[in-house]
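The block underneath contains the structure these notes are about, expressed in structure tokens.
Every chain is named by a letter (A, B, C, D, E, F, G, H, I and J) in the order it is written, and numbering of its residues begins at 1.
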Amino acid sequence: MYTSREDVTEAIVIARVRKGLNWADIARQVGRSKEWTTCACLGQMVFSEDEARTVIGLFDLDQTALPWLCAVPYKGSFDGGAPGDPLLYRWYEMLSVYGPALKELIHEEFGDGIMSAIDFRMQVGREADPAGDRVRVTISGKFLPYRPY
Amino acid sequence: MYTSREDVTEAIVIARVRKGLNWADIARQVGRSKEWTTCACLGQMVFSEDEARTVIGLFDLDQTALPWLCAVPYKGSFDGGAPGDPLLYRWYEMLSVYGPALKELIHEEFGDGIMSAIDFRMQVGREADPAGDRVRVTISGKFLPYRPY
Amino acid sequence: MYTSREDVTEAIVIARVRKGLNWADIARQVGRSKEWTTCACLGQMVFSEDEARTVIGLFDLDQTALPWLCAVPYKGSFDGGAPGDPLLYRWYEMLSVYGPALKELIHEEFGDGIMSAIDFRMQVGREADPAGDRVRVTISGKFLPYRPY
Amino acid sequence: MYTSREDVTEAIVIARVRKGLNWADIARQVGRSKEWTTCACLGQMVFSEDEARTVIGLFDLDQTALPWLCAVPYKGSFDGGAPGDPLLYRWYEMLSVYGPALKELIHEEFGDGIMSAIDFRMQVGREADPAGDRVRVTISGKFLPYRPY
Amino acid sequence: MYTSREDVTEAIVIARVRKGLNWADIARQVGRSKEWTTCACLGQMVFSEDEARTVIGLFDLDQTALPWLCAVPYKGSFDGGAPGDPLLYRWYEMLSVYGPALKELIHEEFGDGIMSAIDFRMQVGREADPAGDRVRVTISGKFLPYRPY
Amino acid sequence: MYTSREDVTEAIVIARVRKGLNWADIARQVGRSKEWTTCACLGQMVFSEDEARTVIGLFDLDQTALPWLCAVPYKGSFDGGAPGDPLLYRWYEMLSVYGPALKELIHEEFGDGIMSAIDFRMQVGREADPAGDRVRVTISGKFLPYRPY
Amino acid sequence: MYTSREDVTEAIVIARVRKGLNWADIARQVGRSKEWTTCACLGQMVFSEDEARTVIGLFDLDQTALPWLCAVPYKGSFDGGAPGDPLLYRWYEMLSVYGPALKELIHEEFGDGIMSAIDFRMQVGREADPAGDRVRVTISGKFLPYRPY
Amino acid sequence: MYTSREDVTEAIVIARVRKGLNWADIARQVGRSKEWTTCACLGQMVFSEDEARTVIGLFDLDQTALPWLCAVPYKGSFDGGAPGDPLLYRWYEMLSVYGPALKELIHEEFGDGIMSAIDFRMQVGREADPAGDRVRVTISGKFLPYRPY
Amino acid sequence: MYTSREDVTEAIVIARVRKGLNWADIARQVGRSKEWTTCACLGQMVFSEDEARTVIGLFDLDQTALPWLCAVPYKGSFDGGAPGDPLLYRWYEMLSVYGPALKELIHEEFGDGIMSAIDFRMQVGREADPAGDRVRVTISGKFLPYRPY
Amino acid sequence: MYTSREDVTEAIVIARVRKGLNWADIARQVGRSKEWTTCACLGQMVFSEDEARTVIGLFDLDQTALPWLCAVPYKGSFDGGAPGDPLLYRWYEMLSVYGPALKELIHEEFGDGIMSAIDFRMQVGREADPAGDRVRVTISGKFLPYRPY
């Protein structure tokens, strides 16, 4: 019996390692992008009831997970030290909300290691959109693996 | 006479507002991308001597700026609160080093406002590269303007 | 058996998600505004004995909840970083005491998302009152939903 | 000669006390609400060129203030301790950006004192809007004056 | 079986709410002032063996509470942010050691609410004492109740 | 020429040491209690115009001090670490606003040293008042002098 | 049954003390250097499946440890206060990731005590490497034992 | 005229960039290792009078620098967040005292960039010494340059 | 069964209060000074096997305590920041008030270096005084000089 | 002209280094112990007028230093948190490792209370030792008991 969204998230994290599931496969079955799905499984987004049922099936959760997966969670994974400027803050929040998902997806694709912030390029542009233009930022950093010795 | 890189950065910031220069134009004259050039003008990267001379000309700096523009600076613009995990930390550092440049470039393109972290999409992928594969992350967020009332 | 107000609050939060109850309905049964009731159910206010009995019934709590619901709790939900000026501090405290209730009520009305601090208006005025005039502040911010992709 | 937006803000604060100007009068001359105008004069918003010229006139600033008043500033007046949840954070940011203006306007209307967070009421509602519905929050707190003794 | 003074304090807090006991009555039975007794029951002072036995009886504690009630506890209830100056620090420490007792006694006398720091007076004087003169400070602040709405 | 309330406070502190003035005498001339006057001279309260003129005369300030002494200041002298509970917070704020005055008045009466928080007594009571009852707290602590050796 | 990498690390730490195993022997059996092996056993690195099976055998862990030992962990053992400069940060991170292993290995070789940062020498040099040159830093500090008295 | 060791350090930093001097050359002239000399020039160690005279000559300092270069300075360049364990703390302190020198020497040898904490090896050993054995740690990390784009 | 040194320390603390043992007696039986023994029992030092057996007997611990009492613990009891307990705080304040003088006097007598906290002894005693007895603490630590290389 | 005690302290520090004065000689001329005199010269204690005149003569201060040297200063040199300087840090670490033992032993000898940091004396000396000389510090502080009332 789950008594908080954090309980459900912990159960998902354990089940995924135990069953050796892939985020990409999970996303395909949920019917969403792998970025959003990973972020939601890690407790940051709200599932529809149908999606929640799929999630419960995939990870063998019991039915008490359902209302928690569909309720709005407390979000964020960082503890503080955020920049005060509103524009910079949104990037920090993005990292707090999406950071654990980013970590999972990079490890799933590349294994243990980091994405370099030194051997690194960034590009900022405009994406026209009838509902209001969007900022598009593309970031490319070399993957550096941890190697045993 | 400048006695630190911070002095030179402050002079550049003042001159740019006074003269109404554009980061995109500045980058064209320096001969680098606007992302790297803005980041470097804000005191986070090392210029070659030729680039430094161009920068000195563009902003009417005196010649004592030259060795500071070519020396390795103390980097980063955030005060702390960084996540401990190495992968997440690189993203935080990227924000600390590139954040002020990001702020400048978004305001230059869109005016006062923020890039939404709510109306927001992210995509993670692999970029094949003979010198070692790279992580490519594309981020798209709606621009929200501040409006007077 | 509950041994602190925090125990009772946690039980209320769990029961509400499990039973799918609405804060607006709960408030109607308690006989108070939905703002005060939500804030009190989340552990920040003192119930009268009658109100406490209604709350115990609504959430199927056991009778040991009664004295805790009627005792003065330790209040506040934030960890620190408060502004030092007394006037600004009251606003920070208001956010610490009412913030979780605000979050619940906005999500109940609008679903997952935020109230924009960018597309935003504020109005400050005076409210005449025989017991001493009051400050009235009206705040309006666009609701921005999180959308899956 | 001003070399940052902070310089200009400091000059405005000094001039206002020296000349005994009212925020309400200043706003009328700028042609905006008193809430937005106070917030902008305190360095948190961007003026149009026309508005900036009015501001320069009202406070006897020199002409180097113009580009700073029209450039996007670094915003926020708090040092940290922000709540991590995105919805709660927007309220904290609102306080950081609008707080000093709120303080000025309450003191202008009521004198030295605070707005009570104890003798206090809050109401949350929906404001229909064709461009997307808005959250409307009305807050009412008794004014408590500091009295000498 | 209690294994720390904190355990005993928690048991006292729970028993007092459960039994609806008054701090003033408790102090009368212990034979000390209500200020010192409340502070000691909340884990900040050392009881004599006789007093400890009375406390154990009043709150139905088991006998293992005895040595803990008579041992010197780790004191203080605040986490930090203390002023560095020794004179100011003593006041901060007084608040840390006596604060929870102060909170209990004000709520016992007045109910839920606060003592105003705005509608407030303070008086500092000297109290002659053969063992060394004492500083006497008298503080008077209006009680402001929380009221449901 | 003073450009902030902090400037005026600093000038008062310097003039008082230079001229060897007593807070008790200053208060008599201002016509207020020594507690409120010291607190106000240290930058925490608003003077009336008449009182401000007396202050300017007593400390030989120039006339630009007048509007600052009559404007509402940013208050508080502590940096953070405040307790979250509203009742406890008011005491912390009282210490932040009145602490420096308390320090001055104790040193003026007793010389260098501290008021003991160990050899210490506190009494909490009710003060009936037609405008709403007040909490009265009396605090008595032994004065401990620093002695050279 | 282990439900996180932290569980497995705790079990390893307990088993090692209980069985009196040496890090140097453990490393020999895992077939890696003692530095990397200690760091990995303390939860900072990823084992191959074969290495994980050896680890499970050595410490008598149950089989549910396997997927956790092979999954990428959350790394780092320090809480913050990191320097902002990227070069200095890498050294801080190295200490956060390798520090507990360093502590184990120095104690294993020398017993209880510290490596002096006063009686201390450091040498920085270049290590040619076809895959890109490396920085080599050699550090020598006197071992100072804790001695009972 | 210098009035603190920090003044002298700042003058050395400025003179070195202005004159384009090398730490390796400076060390040769001072007659000490480049690691110790850089650390001492950056204000962390005490020079002998002879060494101080050489330093004054190399950087064209005035003679008031002499007593400061020979007096024991306040050391350390980090602000906090140190680990509590004494062994780990010495490493943190080493980084605080030697970190800025390490940064200078790596940049002098390799240019702008970092030493990787990912592509990284560490070796811990014993160095026999008649005055008490020493801990020897050898660290090797790939150099990663910042590259403009 | 104990699974960490902290477990063993907690068991010692509980047993000592329960059995009413004296630190001075415990030290006599362990055969070490009362200062070192108390410090070691509280989890900060390593016991020899013989001493550990005595400790286990004195406090009725089970045999699994043995390897923990003989292993090097993580040391330190502060978090960074001043301790909240009034007795410990006075020592911290003493360091804050006298620390810079201590630094000056040690450097004046010994030159650049530190006083070891590892090669260190402490003795606590009573100093009879008609005006009230005094605590006398004598501390002896080896001086370790910084040496150039 | 000095405008604060900090100004006077800074002037003393500079004059002492410039003139090469010894704390021991200074103390002899002031007629107090070297411990108290150094502490007072560094801004932590109050001088009598006679002592202040000696200090002014020894360091060639101008006469405006007099009232500052005789006024009660804001004391303390730490910010909260551990000090960064290696010598001061060892004392902080000593407190962290030995503090709980110190607390136990003082309470065992004296009961509940504190050791005064106000009614306090300290003496620093050298202890010859063939294995390297030692720093010996003797500290004596009055015991102040908590007394019930």
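Heads up, the rule we're going with is that contacts are C-beta pairs under 8 Å (C-beta built on N, C-alpha and C of every residue); 3 or more make two chains touch, one makes a residue touch a chain.
By chain, UniProt protein names: A, B, C, D, E, F, G, H, I, J = Cyanate hydratase.
Nothing here was measured: the structure is a model prediction, and the numbers come from that model.
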Taking each chain's C-alpha mean as its centre, the one farthest from subunit B (Cyanate hydratase): E
Rounded Å distance, subunit A (Cyanate hydratase) centre to subunit F (Cyanate hydratase) centre (Cα mean): 52
Mean-CA-position distance for subunit F (Cyanate hydratase) and subunit D (Cyanate hydratase) (Å): 29
Where subunit D (Cyanate hydratase) and subunit I (Cyanate hydratase) are represented by their mean Cα positions, the distance between them in whole Å: 54
Distance from subunit I (Cyanate hydratase) to subunit H (Cyanate hydratase) - Cα centre to Cα centre, in angstrom: 34
Residues within subunit C (Cyanate hydratase) bordering two or more other chains: 33, 35-36, 77-82, 85-86, 93, 97, 103, 107, 113-114, 116-118, 121, 144, 146, 149
Touching pairs - complete list by chain label: A-B, A-C, A-D, A-G, A-H, B-C, B-D, B-G, B-H, C-D, C-E, C-F, D-E, D-F, E-F, E-I, E-J, F-J, G-H, G-I, H-I, H-J, I-J
Complex interface listing, subunit E (Cyanate hydratase) residues touching subunit D (Cyanate hydratase): 113-114, 116, 118-119, 121, 144-147, 149
Subunit E (Cyanate hydratase) residues within the subunit J (Cyanate hydratase) interface of the complex: 32-33, 35-36, 40, 45-46, 48, 51, 72, 80-82, 84-86
Footprint of subunit I (Cyanate hydratase) on subunit E (Cyanate hydratase) - complex, ascending: 3-4, 64, 67-68, 71, 74-80, 82, 84, 86, 89, 93, 96-97
Interface residues, subunit D (Cyanate hydratase) side, partner subunit F (Cyanate hydratase) - complex: 10, 13-14, 17-18, 20, 81, 103, 107, 111-112, 117-118, 146, 148-149
Partner subunit G (Cyanate hydratase), residues of subunit H (Cyanate hydratase) touching it in the complex: 33-36, 78-83, 85-88, 90-95, 97-100, 102-103, 105-107, 109-110, 113-117, 120-127, 129, 131-144
